[in-house]
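First, the structure itself, so that you have it in front of you.
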Amino acid sequence: MTKRSTSFETSVRSIKDGDTIIVGGFGLCGIPEKAITALAEHGAKDLTVVSNNCGVDDWGLGLLLANKQIKKMVASYVGENKIFEEQYLNGELEVELVPQGTLAERIRAGGAGIRGFYTPTGVGTPIAEGKEHKEFDGRTCILEEAITGDAALVKAWKGDPYGNLIYRKTARNFNPLAAAAGKKTIAEVEELVEVGQLDPDFIHTPGLYVQDILEGGAYEKRIEKRTVAQA
Amino acid sequence: MTKRSTSFETSVRSIKDGDTIIVGGFGLCGIPEKAITALAEHGAKDLTVVSNNCGVDDWGLGLLLANKQIKKMVASYVGENKIFEEQYLNGELEVELVPQGTLAERIRAGGAGIRGFYTPTGVGTPIAEGKEHKEFDGRTCILEEAITGDAALVKAWKGDPYGNLIYRKTARNFNPLAAAAGKKTIAEVEELVEVGQLDPDFIHTPGLYVQDILEGGAYEKRIEKRTVAQA
Amino acid sequence: MSNSREKIINRAVQEIEDGMIVNLGIGMPTMIANHIPAGTDVFLHSENGLLGIGPYPDESELDPDLINAGKETVTVKNGGSFFDNAESFAMIRGGHIDLAILGGMEVSENGDLANWMIPEKMVKGMGGAMDIVQGARKVVIIMNHVNKHGASKVRKSCDLPLTGEQVVSRLITDMAVFDFTENGMILKEVLNGADIASVRENTEASFTVDEALMQKEDSK
Amino acid sequence: MSNSREKIINRAVQEIEDGMIVNLGIGMPTMIANHIPAGTDVFLHSENGLLGIGPYPDESELDPDLINAGKETVTVKNGGSFFDNAESFAMIRGGHIDLAILGGMEVSENGDLANWMIPEKMVKGMGGAMDIVQGARKVVIIMNHVNKHGASKVRKSCDLPLTGEQVVSRLITDMAVFDFTENGMILKEVLNGADIASVRENTEASFTVDEALMQKEDSK
């Protein structure tokens, strides 16, 4: 029952024009850099991409933007990218801005089979327009709906052939949520270990959420804001 | 900022008559046995207890039943307990049966500030009566509301003075959910370790959910159904 | 093991395919685990927070912290994992379980299931059954065809309170195998000792007979 | 650091008490971390999945997998923990963060906050701000009292699209400290260089003056 895929090219081939894909990462931290690069080469178009951010001009999801593969972006913050601004102002790119916690919860709901949930986040703001409102103990909430993806691209630190994954530090971020919400989840790892080497008490993503797993080799792991202590 | 409490007696003293308490454990596995025993001695009455099960006659939550401290039980399965049946049939005990997944999700929602959610679980059954129904992509769902507790009692394997917790095997069950949903969460652990000894990548319950932490000493850990392989 | 139980379990185990994630209900369904052929690589899911149930432990492995949903002590398979109950039901509700095999009290011709309460008796609770029937990709119910008074448990509609509406994919009894489809309830197989006529006699529900099965019986 | 920024940060840091869980917004609020007195035992929460932000790393500690919500490389404090974004916002929305200190563009007299978009400009997104203002137990906003044209940012009502309605607990500007209560907006403190009259002059919002502050100024 191994889920090892032979190549990133093979794994992303099933992604079709018009698909919705959920992509892990926060800024450039913990992004599935190999699968994104393979998807840029694959060239599937009119994608709806769900991810907290949209990369930078020449890295991460920015590569898909540069290729004009993205029709719609669902994100909480997209401020790091000139191509994004250009395509948005041109009307080439549709954008749905979602509060970060609501975005995380909508993806989590998608993976968990929860169809919708009530949250106070966004009440009284443009985000609440057109959404159902309901009071709970005097607190007004809005109804937000689940997000699922035709595919999910995630990056973990270690994984095993059954698809069990562990993440490292803040590179975890949206990755476990995306993993559970994709119909086909492609997981890339820095190190693919033997079955039994991950402690069953400390697996972040149990293998049943993962359809393809690949070892990504050397990772670039770009840093967006390199801040060091003044000596 | 240590959360070490001096004794179970001190910790449970803040629980008042009429409080709602959420209690971790599945059957007798992973139950907070020391805190339950202390609460039985403390004697707070008219409690609403939220827990997957209600212990057995002489152990776990059964001790609170025997003491007639429980007014209402919210659980998914209560079949292991004669006192329970007696009090229920007498009309002394109110029972709200909740599907196990809905119970877990309602407690999780309570801890996460999600006020309500739509699930297909229970549609067309007595559980759905009186609840709001709504269709999502042709699938009928019902609205379920969050559960929070005045207090939560949880049991972990190891913890540190900041309240960080890790659980062992299936003794995890409802414990992390309960921990997040209690206004005052009392965590008992088999071993209290120094700050810094738990790997920050593998903490199941981050310390901010915990108000009191105590080392429980020797644990009885009763087994309900001792099944061994035939040699 | 009674003859009918043996028949049901032997047939039910054939539902389990290599690579599947499977949830087995408490009682008779749990017994299926022992009949899975050695080479089949499946993960058994236990709703109390375990993916990869292993065999029962020997005395030295016995661990009070490691139980299945029936509260029996078990072991964990290599490559398994532990998680909390919300995550466990996220797996179930989110459609990540390929197959659930559960016991039944009544099944109706439109695939309704009743398996959690009998109104006159003390109600113990539904546990995870209502979540599982809504969430698993395929729900197979196993039960005796008739009750101890000889009355059919395969009904036009359920008398008992439901666990779920139109949730059963397949029903396996000690007499027959039925599928529930857009075209209604279909008799797919008769088990050793039964024939289409005897199934009809013992079934209150209306069903059609699969063509292949009809031909097979005609050619006898 | 500019004089007004220094004033704001020095005042804002006094909000942080021993034992608190604190979320600091991107930009000026992040700078508060460096001013927390050494003995204060607080946990700084970063919404990208970290409880217990430590100081910036030295060259040898630099780790691309360890950043804060502003995407700056950081370290983790002893006793800290990592988690996913859903858990991180469960902490926020669930009321487990004692204090959030965020920047503001406009604050209204009833405690509305606008801090995420200017309609004519390219909208970058709200990030986690809308969740934080609804979830944190206490929301403190820090901003300059007036904009670069000298117009008051403390308004009768916000012109800019809101981040949240009636979510601000306290506002700290370079001139004053206001609280938002059931009895409306109250001027609690004037900062060095300002007095009640100058605050009135620069504030569009209606507010009352705290009695203790009134007496203090009268006695000058």
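In order of appearance the chains are A, B, C and D, and numbering begins at 1 in each one.
Everything below uses one rule, namely that a residue touches a chain if its C-beta (ideal position, glycine included) is under 8 Å from a C-beta of that chain, and two chains touch if they have at least 3 such contacts.
None of these values were measured; they are calculated from a predicted model.
Enquirer: Which chains sit in contact with both members of the pair chain A and chain B?
Expert: C, D
Enquirer: B-C versus A-C: which interface comes out with more C-beta contact pairs?
Expert: Of B-C and A-C, more C-beta pairs in contact link B-C.
Enquirer: With chain centres defined as mean CA positions, report which chain is farthest from chain C.
Expert: So the farthest one, by centre of C-alpha atoms, is D.
Enquirer: Measure off the straight-line distance from the CA centroid of chain A to the CA centroid of chain D, and report it in whole Å.
Expert: Here the centre of chain D sits 29 Å away from the centre of chain A.
Enquirer: Taking each chain's centre as the mean position of its Cα atoms, how many Å separate chain C from chain D?
Expert: It comes to 56 Å between the two C-alpha centres.
Enquirer: Counting in whole Å, what is the centre-to-centre distance of chain A and chain C, each centre being its mean C-alpha position?
Expert: From the centre of chain A to the centre of chain C is 36 Å.
Enquirer: Check each residue of chain A and list the ones that touch at least two other chains.
Expert: 105, 108, 112-114, 119-120, 167-169, 172, 200-201
Enquirer: Residues of chain D that contact two or more other chains, please.
Expert: Residue numbers touching two or more other chains: 76, 82-83, 86, 89, 92-93, 134-135.
Enquirer: Which pairs of chains touch each other in this structure?
Expert: A-B, A-C, A-D, B-C, B-D
Enquirer: What residues on chain B touch chain A, complex-wise?
Expert: 105, 109, 112-120, 134, 136-137, 139, 141, 145-146, 166-169, 172, 200-202
Enquirer: Which chain C residues qualify as touching chain A in the complex?
Expert: Contact set of chain C toward chain A: 18-19, 21, 41-43, 45, 51-52, 76, 78-83, 86-87, 89-97, 134-135.
Enquirer: Quick check: in the complex, which residue numbers of chain C touch chain B?
Expert: 46-50, 55-59, 62-68, 70-74, 76, 82-86, 88-89, 92-93, 112, 122-132, 134-135, 161-165
Enquirer: In their complex, what parts of chain A are in touch with chain D?
Expert: 26-30, 52, 75-79, 85, 88-89, 97, 99-105, 107-108, 119-127, 157, 167-177, 204, 221-229, 231
Enquirer: Which of the residues in chain B come into contact with chain D in the complex?
Expert: Answer in residue numbers: 1, 108, 110-114, 160, 162, 164, 180, 195-196, 198, 200-201, 203, 206-209.
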